[in-house]
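Shared between the two complexes below is chain A, which has chain B as its partner in the first and chain C in the second.
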Partner chain A sequence: MNAPARSVTYRTRPLPAIVPIGLFVVVGAVLAGHGFASERNIANLGLQASILLMLAMPMTLIIMSEGLDLSAGAVLSLCSVVMAMMLAGGHGLVAALAASLGVGLAFGLANGGLVSLLGLPPFVVTLGTLGIAQGAALVLTEGNAVSGLGPGISALYADHIAGIPLPVIIALATWLVTHVLLYHTRFGAYVFAIGGNRDALVLAGVRASAWHIAIYAYGGLVSGVAALLLTGRMNAAHPTVAIGMEFDAIAAVVLGGTSFERGDGRLLGTVLGVATITVLRNALDLLGIESSLQVVSIGVLILVVIMIDSARRTWRVHPA
Partner chain B sequence: MPLLALRSVSKSFPGVRALEDVSLDLHGGEVHMLLGENGAGKSSLIKVLYGAYRADAGTILHEGHLVDIKRPADARRMGIAVIFQEFSLVPFLDLAHNIFLGREPRHRVTRLIDHARMHREARAALDSLGLDYDTRALPVHLGIARQQMVEIAKALSQNARILVMDEPTAALSDREADALFAVIRRLRADGVAILYISHRMKEVLELGDRVTVLRDGRRVATMLRGEASANELIAMMVGRAAGAAGAVYQRRHFGEPGATALEVRGLCTASGVNGVDLVVRAGEIVGLSGLVGAGRTEVARAVFGADPITAGEVKLFGAPVHGGPDRVASRGVALIPENRKQEGLALKRSTQDNLLAASLWKQFPRGWYRARPARRHARALIERLRVTPGEPRRLASVLSGGNQQKVVIGKWLVAGCRLFMFDEPTRGIDIGAKGEIFALIEDLVKRGAAVLLISSELSEIVHVCDRAYVMRTGRIVGELARHDLSEENLLRLAMHET
Partner chain C sequence: MTSSHAAAARARVPLAHWRHHFASENAALALRVALILLMALLLALSSDAFLSTANVLNVLRQASLMFLLATGLTLVILCGGFDLSVAANLTLSACLAAGVIKSGASPWLGVATALACSTLAGALNGLAITLLRLPAFLATYAMLWILQGLAFHYMGGQEIYGFPPAFRALGTGFLLGVPVPVYLMAAVLVAGTLFTRSTNVGQEIYAIGANPEAARLSGIPVRRRQLLVYALSGLMSGLAAVVYLARVNAADSGMGEPLLLPVIAAVLIGGTSLFGGVGSLLGTVLGAIILALVINGMNLLDIKAQWQPLIVGVVLLAAVLVDVVGRGHRERIG
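And then the complex of A and B:
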């Protein structure tokens, strides 16, 4: 017992495999040329990554709590549709954003409530809300794109602060907020605890179910903000535009070394996962490889990273 | 005045009286030992104290005032802290976070967690136990003993006035246990009230100022230090009546044992088995007794090939074994696990499907399932095992616990097994069915099978077995022949430190 506790700390534990593999993808993309390293493409990368980063941040917390959110893409589409309809109806940007946040929050609370209070499996719950959100978006728009939003929102999207595009700043701010939440607040500690040992949290006198709902609610709110970027990018809203985006978000989280079990996760890993997926898709675009093959390549990437991470976990010597 | 007093507390669950009219005083500056066999109500008592259960009847007085402990948060506010036996650590949160879970110190203005202060105070909590673990370490990288010490540090850091410890030394080495005892003596001197549950007689006698014995949910006696000897305490735990009236089954027939079926020499495993020798012969029922966590299940799992063996040898029917459960099972060995619902049965399938699951190739060697012979075969088995209701199509999930167990036994019976290892075969089964299960087991050995019976019910071992081994902390500490088998002898071996 008095031997020095040479324990692995949070900081010193091994990096997930995404670090070398992500680097490999980036270097490969640069070397492959086709204008990948051009200034214009770099700016483009930032814009492409921003919405994915926003979805992947709360998704990390949800997966760490042994949950899943399949509805993220559909809820984002619905938020975007609601925002666009408000703008098209002559309301201001603030009112439109508030409506979008409201829709996102409502879905987040519904997801969290069903998972936490009724104990339903997150996969099934969010599959259900995915259908509801997608259906609602189609009903509201009758399946058509919503346009005629006025210049405000696209101007916002094209704005820069200190030479950095505003969408990139909003996405980075989401990262910063999520980082502070996860590592510097009670909420964050309880995310680890809900995934790792929910009973311990209850026995510590904490209302675990409320915090569990809050995790999903945060996801809904971030979708509400992300709708700003999605709508601004096209200066229109389409009811199914963001469907499938949850796939990339979940992929980024998993690539980043977050586990579906026991509350094992790290936010920086997800950021690297987002970067890797974005670079990969962008480079394959530049090489003229079609979108369906891009999905295949992301799938292969996930399996490779997971296999390496899981093999390293198995081989690691057992604790003292 | 006691810091905390329970007055006539009762708690029932459907079919079970967990606590009945239990009164208990916890005084400041006193270590109060709680003794009792498995199922005596110790855990329920803790849960009532901590607000995990609410008592059906009775009152709790905190410093003389009537209180209602509805949830753990209420208990915490009254200065009650519990060191749980099941670990309550979060695997991927660092030790400082774990120690302060639910009461993280926060910055006055920003309300963010004050990491510097939290790590400083966690350091102090660990230092007070003489632990040099890094406060940034993750529990997932610590072994069981270290996790237990962190658990203790966590409870101590709450500055509890009333501290409950549920077998805190079960996972500790002697040195760690000594460090803990030093802390307990210090806390006692500081006026803390300690409720301490232990199965180790040495701790009870050395540390306890007062001892309460529970049996079947009732308080048998409360005594001051020195008022009862170890043997008297054991007699109180067992109960005088248990010898005759408590028997659920009386073995009818004892035969001469035949050839050796299982021979274990110097068995060690990573799961804690430490040099076990034992022999089971055809035609005998051999008990494996001991307290929960003594390593009994681990022995059975290692024999079955489910856990790797680090040293020693296992011989089945005279020949050494290699390989996993499939290889062992193919030699005619059955392990009937404790949690039969998860490991022994397909709950959503019929009685018939479950009965035939392990012998399909034997019944239908050409791989072609035929419904009519299967049904006939199932009916014959149901009759032999006396499964009720005797309908082959009935889902296994709707059978009673006793009948489910019969189906599990029957499954291995038709597979032609000759060595049966039962792990707590009567857990959760009503008394009538227990007798039928033992009748089945006796029938097995009469037909020449060998049986290893793991049971925490001392009376089962006494009344069913030809002889029994007793385990403590991964070792066999004694073997009792038929004429020495008594509950007192079993408990004495299981609890006494050597």
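And then the complex of A and C:
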């Protein structure tokens, strides 16, 4: 499937530490019991992972390009609010999705433009747009949940194709699209190049800024689609519902071995990161451990994985 | 400009160079004072309540709280780093201090708990950045969520409120008609300015921010200094937590989060550059007053609290823009 990526560097680069640790988490979750391996819970896992996977796919490209998007959760919340308000106002699903995509795209273009054209540091830019998106969602809803969306969107969320839940199919499609973009198009090559050596790309006559903006714009568009899942799941929208979701997405990317500094990484690593975080959260849920401590455990997991990866890198450079 | 800091850490620079340096810095500070006066004038014209004694003291109290939280962040940014965890650090240490005081222990034990916890968190940030070589924003972002998660867990959705008057005086008391937090702000400003301007370690912080490689080559212990600024950032979060707790008389797990964007904006508006090595604590005081005026103005003009993240987000982006434009200007004039 990913034949062109199996270049020399692909094969010689060792597996990130997330592979054994992810396996460890899954085995631990199964052994801990509490109904983890039940059919119902497995289906639930797929649904839980789908929104996170959608946020983590563009986040991988953004981090590969030496960027960061702290606004992803707030933009997703705003998209969900806008979609819900359109539906509650009697507009169709298509119009609501278009509005959500428009909002996501606008924030993506703003993030990308500020980062790329003006050379502003991504984490501060996206912190600013986080505030703007969060504020806009609060102002639009006056802090209340939006409900009364009609049955359309929740029916869509509950739909199946060939026995697979539609949200899972949408998330897997996002993975496929991102994979093709990253490994089979010029856009993907430029993503690696912008992270590796943006100046060289500019000197080679490529309009690096446009491609750089496109990375963030893609993230915004995917948030617009992900709002479909988020809104459908609750059949309502809340202005702060997805705040903090970017933490899980960034954690999945970092756990998956994508580097902030060298423009390298693997999409598959992020998928494993998403799976590990979803299983970890689900298992802790079943053990009755609250969400706040799950966040702490993900933070600690990041540090452990990074320590292992950096120790192995040192060992490879200076073997004992 | 940047080279002047690096050189100053090791050798005397010609007096003329310094004079030029102070002249441009004074102009920048004067610009911010003018902005404050303009905002005050506009607010006084649009709201009768603005110039009341109670409101002016309120703005100063708000500014001193933001300044205390922003002091450590200023040092970190001067040193070329960043600390996203300051507000979450404030939350956790305020919650722990509240728990200690409410359990019947001496309020000073609560203060000590807050300072110890926040300094430890700051030092852990420093270790993750210097030993694990994590990018600063990533390490402190993970720390943000770890501290926030611990605070949620500790509070369990509850609020702790009602503290002894002796402790509350730290936030609400007056001395000669001036609020106690304003004295704290002045003390931290004087001590911090002496530290950054007149000690070798302070000058080394500027040098590292301006050019870490040059600083390392000139014999500055870069990683030890970085560890120090992150620990100081933690300590200042703890101090801000104590003052905030004493002022609002209640702790909950969401108390610090709304401060993060305004505090970052205050540092940048104060003229400290995100690219390191340029800025001052005096500038941050002015930035904190500007942000306090923005927030106070929104209250006086009856703008709903829901607008606050949006407006502060725009202010933050404007501050970063000004920083980048100013940097380009500084580079052009060399």
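In this text, the second predicted complex is superposed on the first by the 307 of 320 C-alpha atoms of A that agree within 3 Å, B and C clash if a C-alpha of one lies under 4 Å from a C-alpha of the other, contacts with A are read in each partner's own complex, and residues count from 1 in each chain.
By our rule, a contact is a pair of C-beta atoms (placed from the backbone, for glycine too) under 8 Å apart; a residue touches a chain by one contact, two chains touch by 3 or more.
Note that the structure is predicted; figures quoted are calculated from it, not measured.
S.K.: Counting only touches as set out at the top, which of chain B and chain C does A:Phe260 meet: first, second, both, neither?
M.R.: After superposing on A, A:Phe260 lies in contact with chain C but is clear of chain B.
S.K.: Considering only touches as defined above, state whether A:Val180 meets chain B (first), chain C (second), both or neither.
M.R.: Only chain B; A:Val180 stays clear of chain C.
S.K.: For A:Gln134, select first, second, both or neither according to whether it touches chain B, chain C, the two together, or no partner.
M.R.: second
S.K.: Comparing chain B against chain C, which has contacts with more of the residues in chain A?
M.R.: C
S.K.: Go through the superposed model and pick first if A:Ile306 touches only chain B, second if only chain C, both, or neither.
M.R.: second
S.K.: Across the two complexes, find the residues of chain A that touch chain B and also touch chain C.
M.R.: Correct list for chain A: none, the interfaces share no residue.
S.K.: For the complex, give me every residue of chain C touching chain A.
M.R.: 82, 84, 128, 132-135, 137-138, 141-143, 145-146, 148-153, 260-261, 264, 268, 274, 304, 306-314, 316-317, 320-321, 324
S.K.: Can you tell me which positions in chain A touch chain B when the two form their complex?
M.R.: Touch residues, chain A against chain B: 1-2, 4-5, 7-11, 13, 180, 184-186, 189, 192-193, 195-197, 199-206, 262-265, 318-320.
S.K.: Would you pull the chain A residues touching chain C in the complex into a rising list?
M.R.: Listed in rising order, the residues of chain A that touch chain C are 68, 70, 114, 118-121, 123-125, 127-136, 138-139, 142-143, 244, 247, 250-251, 254, 260-261, 290-296, 298-300, 302-303, 306-307, 310.
S.K.: If we count contacts the way the header does, which residues on chain B are in touch with chain A in the complex?
M.R.: 50, 52, 71-73, 75-76, 82, 84, 86-94, 97, 101-104, 106, 111-113, 115, 130-134, 136-138, 140-143, 145-146, 149, 173, 175-176, 179, 270
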